[in-house]
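Note that chain A is present in both complexes that follow, paired respectively with chain B and with chain C.
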Partner chain A sequence: MSYIKPINHHPRLEKNKLGLTRRDYEGAISTLCAGCGHDSISACIIEACFQLNIEAYKVAKLSGIGCSSKAPAYFLNQSHGFNSVHGRMPSVATGANCANGDLLYLGISGDGDSASIGIGQFIHAIRRQINMVYFVENNGTYGLTKGQFSATNDLESKNKYGEDNLFKPIDLASMAIQLGASYVARSFSGDRDQLIPLIKGAIQHKGFALLDIISPCVTFNNHDSSTKSYDYIRNHNEAVGKTDFVPLGEEITTSYKSGSSVEVNLHDGSKIALEKVNSKFDPTNPGNSLNYIREKSEEGKLLTGLLYFDESSEDLHETLNLTKTPLNQLKQDELCPGEKALEIINESLS
Partner chain B sequence: MLEPKSFQSIESVNDFVIKFANVNGTGSASANQMFAKAIFRMGIPVSPKNIFPSNIQGLPTWFEVRVSEKGYLGQRGGVDIAVAMNPQSYSKDIDEISEGGYLLYDSTWKRNFNRSDINIIEIPLTQLCVDSFKNPKQRALFKNIAYVGALSALMEIEYEVLEKIISEQFANKPSLIEPNIKALNLGRDYVLDNLDYPIGIKLSRRNLLENKILISGNEAAGLGAVYGGATFCSWYPITPSTSLAEGYEKYAKKYRVDEKSGKNLYASVQAEDELAAVGMAIGANWNGARAFTATSGPGISLMSEFLGLAYFAEIPLVIFNVQRGGPSTGMPTRTQQSDVLACAYASHGDTKHVLLFPADPKDCFDFSAKAFDLADQLQTPVFVVSDLDMGMNDWVCEKFDWDDSISYNRGKVLDYEDLEKLESYGRYLDSDNDGICYRTYPGTHPEKGAYFTRGTSHDEYARYTEDGNINAETLMRLMRKFRTASELVPEPLIEINGEDSCGIIFYGSSKPAVLEAKDILRTKNINVDLMQIRSFPFNLDVWEFIASHDRIYVVEQNRDSQMRTLIMAEGGISAEVLRPLVHFTGDPIEAAYIVNKISEREVNYKSHKNIKER
Partner chain C sequence: MDKKYLFKRNSIWWVKVAVPSKFREQFGFDLRQSTGEKDLDKALLVRDSIVSDLKSKFLGLNVEDKSTKDFLKKTDITDPQYFHKVVDCQYACPAHTNVPEYIRLIAQKKYTDAYMLNWESNVFPGILGRTCDRPCEPACRRTRTHDKPVAICRLKRVTYDNKGNIEDLIPETPKLKNGKKIAMIGAGPASLTVARDLLPLGYDCTIFEKDSKPGGLMRTNIPSFRLPESVLDEEVYRIIKMGADLKTNSYIQDLEPLINDFDAVFIGSGAPKGKDLDLPGRKEAKDNIHIGIDWLTSIAFEHTKEIGKKVLVIGGGNTAMDCCRSAVRLGAKDVKVTVRSPFNRMKASDWEIEEAMDEGIPILDNTSPKEFILDEKGKLCGMKFDKMVMKDIDGSSKLVPSGEEVIYECDDVLLAIGQDNAFPWIRKDIGIEFGEWDMPVVDKTTMQSSHPKVFFGGDAAWGPENIIWAVSHGHQAAISIDNFCSNVDLNNRPDPITNLVSQKMGIHEWSYDNDISQAKRFEVPHADLSKALDDLKMEVELGFDEKLALEEAQRCLNCDMQTVFEEDLCIECDACVDICPTDCINFIDNDTEQEIRGKLRVPALNLDQSLYVSGELKTKRRMVKDEDMCVHCGLCAERCPTGAWDMKKHKYIEGHTLNNKIKVKEVA
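Up next, the complex of A and B:
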């Protein structure tokens, strides 16, 4: 149970264009530990959906197993949720997405879920370019099974018993870029200002959007030696730039200073503006992105922000040449070839 | 000078077994199929079986065709004619030929075979093709067509029928018709010019197959899925199920592309493994599309975790398990019925699944389409359990039929209007007391009907609970649902043949062998009553049949008599009544095998009984 709920800075009863308040985007009361980073992420998802005027019932939230995977219960009560099996959310999301491309798919996963047991499905969901937002609530530990090492732990980090991690970490963001994910961002659960625009950008993006969000586990992985602790992250986090999402219908040109920003077009016509820390960084070039992440990692710093973006990607519906009408809404007369066709088939088999 | 024959040649019309011995990957399959199809077109019951290695090129492969005017189309055993095209397997192939039988071989390289009791037919097939075709590939490929041509003269296969099959087969590539016909004539003319013909084994048109078709179970099941309204198929390649997914795609490409937009009204995804395949199918079903996956034993093992989720969270799902030889990787290209228990109780915890057992390709079509209704009605995984023999071989079966006036049964799904009228919605409320609750699809209603699907213990409103009593109630409700299932699934087919008969229980591809065995047993004064099980859970008819017999042979193609175990476990039936009659070499079961086992034991039974009665 979270006794300390992430603080919402906005007036509670403000309404969005749908006439809904933030409360309408909430879920059940969280049963995660007080201060868990995962709850902060849920709050940002609520905020992003509120700001984007998302109709909650047109959202499907899917997850695997883990503390992180419980999170979908704690936001968007009016959405259908699916808490599947450990590491297998990507396949469930793939099938669901094929059945109805009109919904918004939010996949919630953990580092154990995505970087270990489910890494194969994670890879293939990217490869297939499922149109979804894929959250990895990355705490560098197995929260729900009480603090074992995960595959995203840094080499030198220690677990709760003070034992050393012996293996190099998997960097899911770099991996996703290599695999052709078309929107890859990294952030930190405690950085609402950065995270909310990144979530909004991911939601507006068509194609596979990965949000690798460092989300400290207060109970098992928040000690000094952990590289995924609050303090460690605050000190080592190097933001790529300030992401500021400009919703559709507003003047786009006024929200960022020219000269210091890269404009990134989103599929739905909206744009995301990236303020560059390093003027050489271009998030549309995968090689640049990978180098930048590695450079910073060699400096012991974690690069956050929008790391990679490709606006020209094709999603699975296009690749499979699927009809516009969702498959789950096709009627029998469109699906069944019928008696007459069967006569012809019988003929061809005799 | 010809020596007089020291043996009696086999003489028969429309009743024999011919076996083609080939090298895998040399293009023999289509020629062999053409041979079988021609017999089918002459209206004579025929059953071709491909006996192939788990190999792509080079190893021996066989194609065995039984022809039976009486319509006995199970594996028979014995070989009357061998077409030996593979020197690697000569010795085994020639040994198998029955006394008085025939051997046709490629005499480009002459051989002396150690059999003086068979007829040896020499045709220099390679030489003929080398002389007539320039392209080395064609030379190799057309050897096969040439022996079909030779057989047409030797066995009196109607030439026009073969000619027609070739022109149909290459309708899209007309330039190939002429060389194929040329190859056909090459073999045929050689026989007509150089050999005695016809031989003792002959074919003669009968027109017995008026309402029949020739098709494999997998293709039939794939077509059934198109008819059943499946819009999503996810699969991972595995013999012998691959051709099922391919069958679905073949027909979907034909019947499921929107004419106006050119867009697909179906999706088929080759997954990264079986876990993903079943996960995708579950995701699509959860979202209201009819979705399935096709696999074989090893895939079922991998899918098990997900199957428990679909069972417990109550998501419709159709799974085709085309069984092969197990355990483990086992005999990937041989047939068995050894996944019955693995399917019935797949996944950890208390789980039970609905199984359908087709017995021929017509059933594969019907049960495939029906499985989607059942899965939607019961909101649970439904397995269609076939096997390699019926899945991959062409079988003669009844023509498919379909009634356009019958609508799909999508089960209990609430739409916008239903939800509008509802005060409150609980996903797992059993309001009709049949164990089946009401689903909603995501995106239906802005305020009502959303719920959280989970594999963790949940209450009637789909909320997580650790209350053991609530969970126990859910498990009991699922049993109630399973009882409802027993009223919806196909009932057994029962045939009663007289008093004091023993019973035979069988299912799936054992059917032709059992039906033949029944006739043979009758000639030995052994009467058998038959029950063909077509589904699990078992309904009342199954228990009644068992109750009315004191001894029943359970015929199945696995070591452990799995169906018997299932019946005993589910019905508390005593082991004494149900007697295992198992066969598990990976070759299809034969009637003679069943006859031997039963007559042996029936003789014992009768003598015991006589002693007792005295």
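Up next, the complex of A and C:
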């Protein structure tokens, strides 16, 4: 068993504007099961950060407990990290975000961490519009405790031992739209062409971005009667359209049929271009999105792609009018208003 | 009721699917198939599967693909040459020595096995471990993935230096001969290889040598400070001891009687004639002008023991390097090498140039000899040279005199400007055809001349090469002679012995050490220069000690551990793509080779290296792996959940008489 990935890389490996290669964004070698979808998601995060020229020290990786929550060890090993209590990652993210709005927050969670034990925290993080990217690495099973059903497992899906699932699933994407998340996308770990642009868009978005990523558990939930297996997702995946991330200052080069495309502007000036399959679908209308997700779900299809986007959202910092300077950089004179300010307050009370 | 696709024919329900216009030439207007059902309800049950079956005939197809594009085909890994080519060192070696295997044996301290593996293929591991031209090293994968190649040649020497007793492992020569007599002319590496390959089969081998000792140019032209006599004697006499009849001091005056007396004749007489330089003053100064290879020979046989104080060596090949270093050891105080071409075009191996320069010998490039200068007594006292420059003439760059002349003083001149073949002992009327430059006409595969009983090999066949080529020729000539004497078609060559076996020892455990050493190439220790320069026989390179050898052996990337892919098992989870440290693995839609090479994660620009292409996967994509940069770390196989990737050891042993008919023994 190899514990270290050889450090040598292809001599012609592409470099980004920082002079770094994709390999510079890697973490430790994964100890997840071979073939785990979570590793593919880690690879897509690596690729997205590489392509966006992100400086690793300006990123904080936050997670709870579960297979998914181990994943931050396997990418961006030069970033900050916080492995919190089970289901409590959103609280840690809220606190960290309030204290330092300068970092890019990547919350890595799973279906157990977010849809069961941490669902209360998950809901309020969305409601408060924490400026973060919230990944749900959704495999419909509790892999770390040997394959029980999770809250996102579909009703018709059996477990590895042939037992029936008795409860309807929670659809985290629909829930996030209802709660006011301003960027909601769903994707599949096995479709990196779709996933990478969605991650890039989510990183550039200001506000709460949810990425619900179906990530097959090769050990417990990749069997024939599973609805979250590689084969099942490949056969039932229906993308809302082809998604492209267009960096700031670059022209959209892909040509779409007139009337079938939507462009959404991200806060930093970059764009997401979406070629729609269905002309009735409008990703900026929450009601429309919810209906479409439900419609496809009833057809037995899994709708993927950028499902909802709100350009005009405001994040927690703006709502609470928090200081833009990270707390650890505030000086004494900025923190202490001084005697005069105290006098003014005291006088106002007298 | 929905009767889409269905129609009734003789009361049986049929399915009909319309063919899109672009496929009509191929399939007609529609495709039809019977459901075999009279009852509509039953027909409806099977309708959908029949429809999708029929549609699948044209759905994956693309009209353009069929007509104009030359799509990549699935790689045929059952062709032994495919993986042989991936093992760059073994592929580059003329004798196809199984390099990765012997390096692993060294790593396990099994030096005797490692030596015998070498001996099977290249016959002279001790000699070659010191003197080989090393075509394997520039080919080494590490030159592409890291920096310098594995010190393959020096590791070969390690097998010789550390081996145990091998006498019992040498194939036995049967007492009962097969009745065929073979003559070999010249006891150099080519003839000795032929003898080694034929003796165990029962052939009666007689070697004729003009000098008093066997070894050919290995003895006469390689100074003993590079190749100690003891090493040479051991490996040369091992073959003689197998039962060859060596006739020394036997210069062949005429080939014809041998052809009549023997069943076949092998000519491995080398390229023994050093080129001369016909310049003004050559005749007058002849006492102090020496032909390099003849001069080295007379040192080897201890006829020459001194040389003048100032020596000029003319030439830029390995012989020139040996001449200048020998001159220093004979007591010359001022030795210079002059080369007509620019430094970077010198023919000598880089390491031989380096060694000469390390010994303080200047190499003067762009210096073309013009005239020998004599003093008033008529003795050689210097040489005049033209300085040369590269100039563009008619679009190609040529070396021309710059107009500047230089004079270097000297007492002696050594000419090392090339060698010619010479066959004064082969009369032109005995049926051996000679072609351009008076070279024999020899078949590239069979080594047979235009006379069916006469075979050539080594430098005698196509001019000066190096020892490892002579060995390779020897193997091929032995096969031909064996076929010839057994009345088998000469083009019926033995197949290589190949094998492809999984190295999986358990989950994520391999039989080989797959950790990639990032160490730089280890330097070989040298003898103290001041002592070495005084002693003509003191070996300069000391070779790796065990510690260095083991560390250097770790640098080998195990290129014979092949990544083998089974598309039927693949679930396309991309784990291998993500883990591959050198980004070799891709899942991609099929296209032409040129298109695919450009579209990979890192474009595959090295066209000498193959692409490994799988069959079609479930998503219609293909796995395409660029063999160029693979470090054979096995991580793809470790991270594969289904075992679609496996690491398999590819054994490849070039076919020759010995391994096909008599097995070389292995250490118990």
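The rule is short, and it goes like this: the second predicted complex is superposed on the first by the 317 of 350 C-alpha atoms of A that agree within 3 Å, B and C clash if a C-alpha of one lies under 4 Å from a C-alpha of the other, contacts with A are read in each partner's own complex, and residues count from 1 in each chain.
Just so it is clear, a contact is a pair of C-beta atoms (placed from the backbone, for glycine too) under 8 Å apart; a residue touches a chain by one contact, two chains touch by 3 or more.
It should be emphasised that the depicted structure is a prediction, and the values quoted were computed from it without experimental measurement.
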First, second, both or neither for A:Gly81, with chain B first and chain C second: first
Touched partner set for A:Asn321, first chain B, second chain C, both or neither: first
Touching partner for A:Gln332 - first (chain B), second (chain C), both, neither: first
Which superposed partner A:Gly300 touches (first chain B, second chain C, both, neither): neither
Which superposed partner A:Asn222 touches (first chain B, second chain C, both, neither): second
Shared chain A surface residues [contacts with chain B and with chain C]: none
In the complex with chain A, residue positions of chain C that touch it: 144-146, 507-509, 514-516, 518, 571-575, 577-579, 581-584, 602-603, 605, 618-619, 629, 631, 633-635, 638-642
Of all residues in chain A, those that touch chain B in their complex: 28, 55-58, 60, 62, 72-73, 77-85, 88, 90-100, 102-103, 120-121, 123-124, 128, 320-324, 326-330, 332, 334-339, 341-342, 345-346, 349-350
Of chain B, residues touching chain A in the complex: 40, 209, 212-215, 223, 226-227, 229, 231-232, 234, 251, 255-256, 258, 261-267, 269, 271-273, 275-289, 291, 305-306, 309, 399-404, 407-408, 440-447, 450-456, 463-464
Chain C contact footprint on chain A (complex, rising order): 1-2, 4-14, 22-23, 29-30, 33-37, 39-40, 42-43, 189-190, 192, 216, 218, 222, 230-231, 234
